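The structures considered in this document are given below.
In the two assemblies presented below, chain A is common to both, partnered first by chain B and then by chain C.
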Partner chain A sequence: MQFRFEKRAEPSRIMLYATPVAAVLLTMVLGAIIFTIIGYDGIGAVREIFFTPLTNSLKWQDLAVKAAPLIIIGVGLSIGYRANVWNIGAEGQYIIGGLAATGVALLTQNMSGWWILPLMGIAGIAGGAAYVAVPAFLRVRLKVNEILTTLMLTYVAVNILNYLVFGPWKSPTSFGQPQTVAFNESQSLPYIIEGTIVQAGAPIAIIVALVAWFVMSRTIFGFQINTVGSAPKAAAYAGFSANKTILLALFISGGLAGLAGMLEAAGPFGRMVPQFPSNYGFTAIIVAFLGRLHPIGVLFAGIVLAITFVGGEVAQTTIALPNAAVGIFQAMMLFLLLAGDILIRYRVVRVVVAKGREAT
Partner chain B sequence: MSTTLLIAMLITMIGASTPILLAALGELVVEKSGVLNLGIEGMMLTGAVVGFAVAYTTGSPWLGIGMAALVGAAVSMIFAFLTLSLSANQVATGLALTIFGTGFSALFGSEYTGKPLELFKSVFPAGLAEDPYLRLIFGHSPLVYFSFFMVFAVWWFLSRTRAGLILRAVGENDISAHSIGYSVIRIRYGAVAFGGAMAGIGGACFPLLLTPQWVEGLTAGRGWIALALVVFAAWRPLRLLAGAYLFGLIATVELYTQAAGGVFRIIPTELWASLPYLATIGVLVLISLGRSTNANAPACLGKPFEAGH
Partner chain C sequence: MQNEVPPRLEMTGITKQFPGVLANDDVSFAIKRGEIHALLGENGAGKSTLVKMIYGIMRPDAGEMFWDGAPLKARNPKEARRLGIGMVFQHFSLFEALTVLENIALGMDGGLSSRALEARVREVLKAYKLTLDPHRVVSTLSVGERQRIEIVRALLLNPKLLIMDEPTSVLTPQEVTQLFKTLRQLASEGCSILYISHKLNEIKELCDTATILRGGKVVDECDPSKETSKSMAEKMIGGDLKAVAKGAERQFGEVQLAVRGLSLGRGHDFGTALKDISFSVHSGEIFGIAGVAGNGQNELLAALSGEQHAKADGVIELCGKPVGTSEPSTRRKAGLCAVPEERHGHAAVPDYSLANNGILTARHRRELVRSGLIKHSASHDFADEIIAEFGVMATGSKATAGSLSGGNLQKFIMGREILQTPEVLVISQPTWGVDAGAAAFIHQALVDMAQAGSAIVIISQDLDELLALSDTLSVINEGVLSAPMDVENASIEEIGLLMGGVHGETADSAKTLPTKPEAEHAVQV
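Let's turn to the complex of A and B:
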C-alpha cells in the first residue's frame, strides 16, 4: 500500500485546529516510547508531565503562575510572527523588562502608594520595547536580520542582569548574595485568591490574550499585520507601510515580553536575582506556534506548556526524571506540530495500482 | 609584548575560532543549496555532549569526534525530513532543532558534570612544539588542522567540482535544476547532513579543544554567531576563515585582559563577555551597509521546494 500527498484546493481549517491537538497527543505516545528505550520510566514520565498537574488540584495554582508569562510573551510573539518578523530574543526583552521594573522599585524603595506598581508595569513594557528597538530599526533601515540581532541581545541582557545584581544593585544586607533588596508591599503584585500563590499575572495574561484577539480579528491594524506578513505586495497596494507594521509588531512583542518580566519580578521573584531568566522567552516560541499564532490558541497553548513545566518538576521528585527531559518533550511537540502542517495544505491519498497500469 | 606571549595568544585565538569556523562551513554548504538551518546551536550542543561522552568512556578523542559528526548529521535529518519532505517552515523547524539539542545535551550531559576529560592535543612529537615559532605550526589540536583542510575542501568543492556546481544550481534556481533532471530534495538532504556533521564536530570542539569539562549550554550562542558569519562571509569559505578568526581574536582579548587585570579591571567582565555578541551585531550592520554582499545570497535560500509532491 502506498500513499502520496495531494494538494487541497483550499487549506483545511479542520486540520489547522486538529494538528496541534494531535501533536500533543502524539508527543505523549512517542515520548513514552523514546524515554522507555533510553532507560527511564516512559509511561510514568508522560503521566507525571502531562496528567498529574491536571489531576492534582494542588498543582493548579502552579499552572496559573507558570502559564501567565508564557501566554503574555506568546501573544506578543505570535503578532510578530504573523507579520513575518522573527523576534526570537523575547527572553532578553523579558529580562530587560524585569530590570526596568526593578529599577523603579529600587528608586521607590522607601515609598508606598498605588501608583508604584503601574509605574513598574510601564517601565517593564518600555524596557522590553526599547530593547527590541535596536533590532527593529536595524531591520527596517538596513534590512539586518532580526533573528540574529534579537538573539544576540539576549546574551547581552543576561550579562547586564549579572552586572547589576553582582554590582551596583546588590543588596547591602544580603550577606554577599547576588540579589537586590526585596520589593516592598507597594511593589509586589497582589494575590488574587487568598491563600494561594496566584498573583495578578494570571488575570492580566487572560486580558492580554482577549485584547490581542480583538485587535487582531476586529481592527484594521490586525488586518494590516496579517496582510503584510502573508501578502506583502497586496499590503503595499492597500497602502500599508511594511516598515511601520514591522516596527509596531516588534515593539508589541518586545513590550509584552517586558511586561511579563515585570510581572515575574514583582510577582513570584519579589526581587531581582541571577536566576531570573527562566527560559519563558524561548518556550513562548513553542506556545506561539502551538497556539497557531492566534491569541486564544496561545492562551490554551500557554496552559499546555505550563502543564509540562509543572509536570517536569513533579516528575523530578516522583520518578527522578531529569528536568531536561521536559525540554525534549517540548521540542518534540513543536517538531510534530510542524510535521503536521503539511496536512493543512495537502491530503494523504492511497495510491491504487491498477493491473497492468502505472500509478499516476 | 614578548613573541612568546603573542604566539600563545595566536594559538588561543585559532583554537577559539575553530568550533565556529567548522559549524559555519557546514552551514555555508547548507545555505548554498538553498536551505536555511537555524538549528546549528542545537546540533553543536548535541555534538558536544556526544563528543564528550564517547571520548570520556572510550578514551579516544578520535572516536568522540566521529560520533559527534554522526549524531550531528542524524539530528539534522529530523530538520531535513520536516522541511524538505514535509515542506515545514524552515525558521520554525530550525528553532525546534535548537530547543531539542539544548534539552538533549542537558539530559545526557548532566552525568558528566565535574568529570575530567583529556584535551585532544597535538599529535606531533612534543619536541617540535618547543620552539615558539614551530609551535605556531605544530602546536595545534588535530581539529585545527581539520578545520584548515575543510576550508580548502569546501572552497574546492563549491567552486571547482561538478557536484558543487549542481549544489549551487539547486540553491540558485531549484525549479530549473529540477527540470534538467537533478533531484533537488536529495541534494538538499545531502547538504543538510553535511551541515549537521560539521556542527556536531564544531560542538565537540568545546570539550575536546577548549575546556575539557562538561558545562551545560557550553556553546553559549556560538551556533548563532556561526550563522551570522556565513552572512558576513558573503557565502565564501575563505572570507569565513577571516571572519571566524576575528571572533576568535575578540574571545582571546577578553581572556587575556581579564587575566592581566590592572587597568583592564575598569571595564566590567560582563561587558567583555558581551563583546562577541555585540560584535556580531556590529558586523551584520557593516555588511548591510555595503550593499553588494546580500546580492551574493543564494536566490532560493529558505524557500521550500514543492515540485516533488
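Let's turn to the complex of A and C:
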C-alpha cells in the first residue's frame, strides 16, 4: 500500500486546529517511548510532565505564574510572525525590559506611590521596543535579516545583565551575591488572590491576549499586518507600507517581551539576578506557533507550555528526570507541529496501483 | 485506400475525473495525418487535461487512445516523445542565462555531441526557414524567438504530432504570421498538429478541423472555414454572445489623467525601465496600451497605481491634481483605481475571503473602515453586491479568493474596482484567462463605465481586445510609449511593427501581414 500527498482545494480548517492538539498528543506518545528506551520511566515522565500539574491543585498557581510571561511574549511574537517578521530574540528584549524596569526601581528606591509600577511597566515596554529597534532599522534600511540580528542581540543582553548585577547595580548588602536590592512594596506586583503566589501578571496576560485578538480581527491595523505578511505585493497595491508594518510589528513584539520582563522582575523575582533569563523568550516561539499565531490560541498554548515547565519540576523530584527532558518534550512538540502543518494544505491519499502495472 | 489509413491519433470515450469536477466526459475525436486540428474551448473546458493525457502526464480514468491504429501507451512525456509526440507549452521552460543551443541540449533525451546537435538545429532552422541564432543568450531574445526554440526542440524529434498550447498569446501579428507559415509547412509534410486556442480568427485562418469542448464534453466538430467566429464562440460558451456595444459618439470631457515625461529605473534585474512616457486620457475615453509582455507594462501600472513613485509630483496629474509621489490610498481617494495583471497575490489575497479582498482596495471609497475599525457587515454586503452584479460564481462573501476560478476572480476584481466608480480606472489584462462570456461582460462593463464619464486605461497584450474597446491606442515597447493613434484609422501593420520594436525581423515579415481582423473582432473570445 502506498500513500501520497494530494493538494487540497482549500486549506483545511479542521487540520488547522487539529494539528496542534495532535502534536501535543503525539509528543506524549513519542516521549514515553523515547524515555523508556533510554532507561527512564517513560509513562511516568509523561504523567508527571503533562498531567500532574493539572490534577494537583497546588500546582495551578504555578501554572498561572509560568503561563503569564509565555502568553504575553507569545502574543507579541505571533503578531510579528503574522507580518512575516521573524523576531527570534524575544529573550533579549525580555531581559532589557526587565533591566529597564529595574532601573526605574533602583531610582525610586526610597519612594513610594501608585505611579511607580506603571512607570516600571512603561520602562519595560520602552526597553524591549528600544532593543528591537536596532534589528528593526537594520532590516528596513539595509535589509539585514532580522532572524540573525534579534537572536545575536540576546547574548548581548545577557552580558549587559551580568555586567549590571555583578557591577554597578550590585546590592551593598548582598554579601557578595550578584543581585540588586529587593524591590520595595510600591515596586512589586500585587497578589491578586490572597495566600497564593499569583500576581498581576496573570490577568495582564489575559488582557493582552484579548486586546490583541480585537486588534488583529477587528481593526484595519490587524488587517494590514496580515496582508503584509501573507501577500506583500497585494499589501503594496492596497496602500499598506511594508516598512512601517515591519517596524510596528517588531516594536509590538519587542515591547510585549519587555513588558513580560518587567512583570517578572517586579513579580516572581522581586529584584534583578543573573538567573533572570529563564528561556521564556525562546519558549514563547513554540507558544506562538502552537497557538496558530492567534492570540486566543496563544493563550491556551501558553498554558500547555507552562504545564510542561511545572511538570518538569515535578518530574525532577518524583522520578529524577533531568531538567533537559522538558526541553526535549517542548522541542518535539514544535517539530511535530510544524511537520503536521503539511496536512493543512495537503491530504493523504492511498495510491491505488493498477493491477497490470504491479508486475513491472 | 485513403480511408483505410488509420488516423494519427484517435481518442474514444476519454473520461477523467478530478475531485469535484469531471474534466473530460466521454471525449472522442480523431486527428488525421497532416491535419491541423483545433481544440477549442473556454478556460476549464478540459483542453489541458486532454492534452496532458496524450502527452503522458496523466492517464484517463476511462476510454482509449489509439496512435496510428495501435493503442497509445505513453506513460510519461519521454515515452510520448519517443512515439513522435511533440509539445510546445504556453509557458516556456528556458534558462535565461544560457544560449539557444545549450537550452536545446538540456531538453534532449538522447546524448548528442554539441557539434552534431548544432548541425541538426541548423538543418531544422533552414528546412523551416526559421531565423534563430543558436549562440544567442536567451535573455536577449524576444518572446517569438523564445517560442521558436521550443518549436525547434520539438521538431528535432521528427514529430508525427505536434501539440501547440495557446501559442500566439504572446506574439506580435508578424510573429503569428511567421508561426503559421511554419505550421502549414509541417502539416504539408504529414505532421499532424493539435492547435489549442481560443482565438477564433486564428483558428479560421489556420485549422482544417475544430473540435469544440464545453464543460469537458465534445459539443461539436466543425470546419472552421465554414463557420463564423461568432458561431464558434457561441458553441464554445453554449449561448448567445452579445457583441460589445461601444456606445456610438461618446463625448470626451476634461482630461482626467495626464502623464508627463514619466521615467523610472528598472526595479529589478528583469524589469524594464520606463522612458519619458507621456499621455493623457479624457473623461469618457478608453485609452489602450498594446505591447508584447515584459516591455514595461507592469512598471507603468505600478507607477500609475502608486506602488512606485514618480520622481516628481507633477509627473502624474489626476483630475488636475499632482499625485506622482502619493501613496496608492491617496490616489484611490482622489479617484484613481488600478488593477494589476497578476490576480493571485497582487490584485487579491488568495487566502482572504472575498469580503476581506473588498476591504483591500475599497475601504476608503466604500467606507468599509471607520476610525480604524473594520465594518465587517458592510464589507460582506459589498462583496455580495459584487457577486450579484458581476455574476461571480462563488459560494458567498466568505469564500476565499483562491477558491474562485481565474475568470470568476477576475470578474470579482473588476467588479470591486468598477463599483467604486472611480474617475480614472487603469487595468492590466482585463480578460486574461477569462472565458468568452465573462470577457464580453467585462468589456461591456468597461464601455458602460466610459459612457458614464470615467477615463479608462487598458493595458493588454490582446490586440483584438484593444481594437474593439479603445478610442485611442498607443504601443509600449522597451519602456517607450508610442504616440497615441486614433483606433478608427490605426493600421494593424503599424501597430505590429511598433510592438516588434527593435526586437526582431519585423521589417521583412511585414510584407506578409495578416489581413485586418474582420469586423467580428468585437467578438472577444
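Note that the second predicted complex is superposed on the first by the 356 of 360 C-alpha atoms of A that agree within 3 Å, B and C clash if a C-alpha of one lies under 4 Å from a C-alpha of the other, contacts with A are read in each partner's own complex, and residues count from 1 in each chain.
As a working rule, a contact is a pair of C-beta atoms (placed from the backbone, for glycine too) under 8 Å apart; a residue touches a chain by one contact, two chains touch by 3 or more.
This is a predicted model, so every value here is computed, not measured.
Superposition of the two structures on chain A leaves chain B and chain C fitting side by side, clash-free. Legend: residue contacts after superposition of the two complexes on their common chain; A:234 is shown touching chain C, with no touch to chain B. Residue contacts after overlaying the shared chain place A:11 against chain C, while chain B stays out of touching range. The wider contact with chain A, measured as residues touched, comes from B rather than the other of chain B and chain C.
In the superposed pair of complexes, A:320 makes contact with neither chain B nor chain C.
In the superposition on chain A, contact of A:33 is made with neither chain B nor chain C.
By the touch criterion stated above, A:219 is placed in contact with chain C alone, chain B being left untouched.
Of the two partner chains, neither chain B nor chain C is touched by A:107. Of the two partner chains, neither chain B nor chain C is touched by A:193. With the two structures overlaid on their shared chain A, chain B and chain C come no closer than 6 Å at the level of C-alpha atoms.
In the superposition on chain A, none of the residues of chain A is touched both by chain B in one structure and by chain C in the other.
Note for the complex: chain A touches chain C at residues 9-11, 218-221, 223, 227, 230-231, 233-234, 236-239, 241.
Of all the residues in chain A, the ones that touch chain B in their complex are 4-5, 7, 86, 88, 134, 138, 142-145, 147-149, 151-153, 155-156, 159-160, 162-163, 167, 282, 285-286, 289, 322-328, 330-332, 334-335, 338-339, 341-342, 346. For chain C in complex with chain A, the touching residues are 19-20, 305-307, 327-330, 332, 338, 340, 342, 345-352, 356, 359-361, 363, 369, 372-374, 376, 400, 402-403.
Against chain A, the residues of chain B that register as touching in their complex are 38, 78, 81-82, 86-89, 91-93, 95-97, 99-100, 102-104, 106-107, 110, 220-221, 224-225, 227-228, 231, 268, 270-271, 273-274, 277-278, 280-281, 284-285, 288-289, 294, 309.
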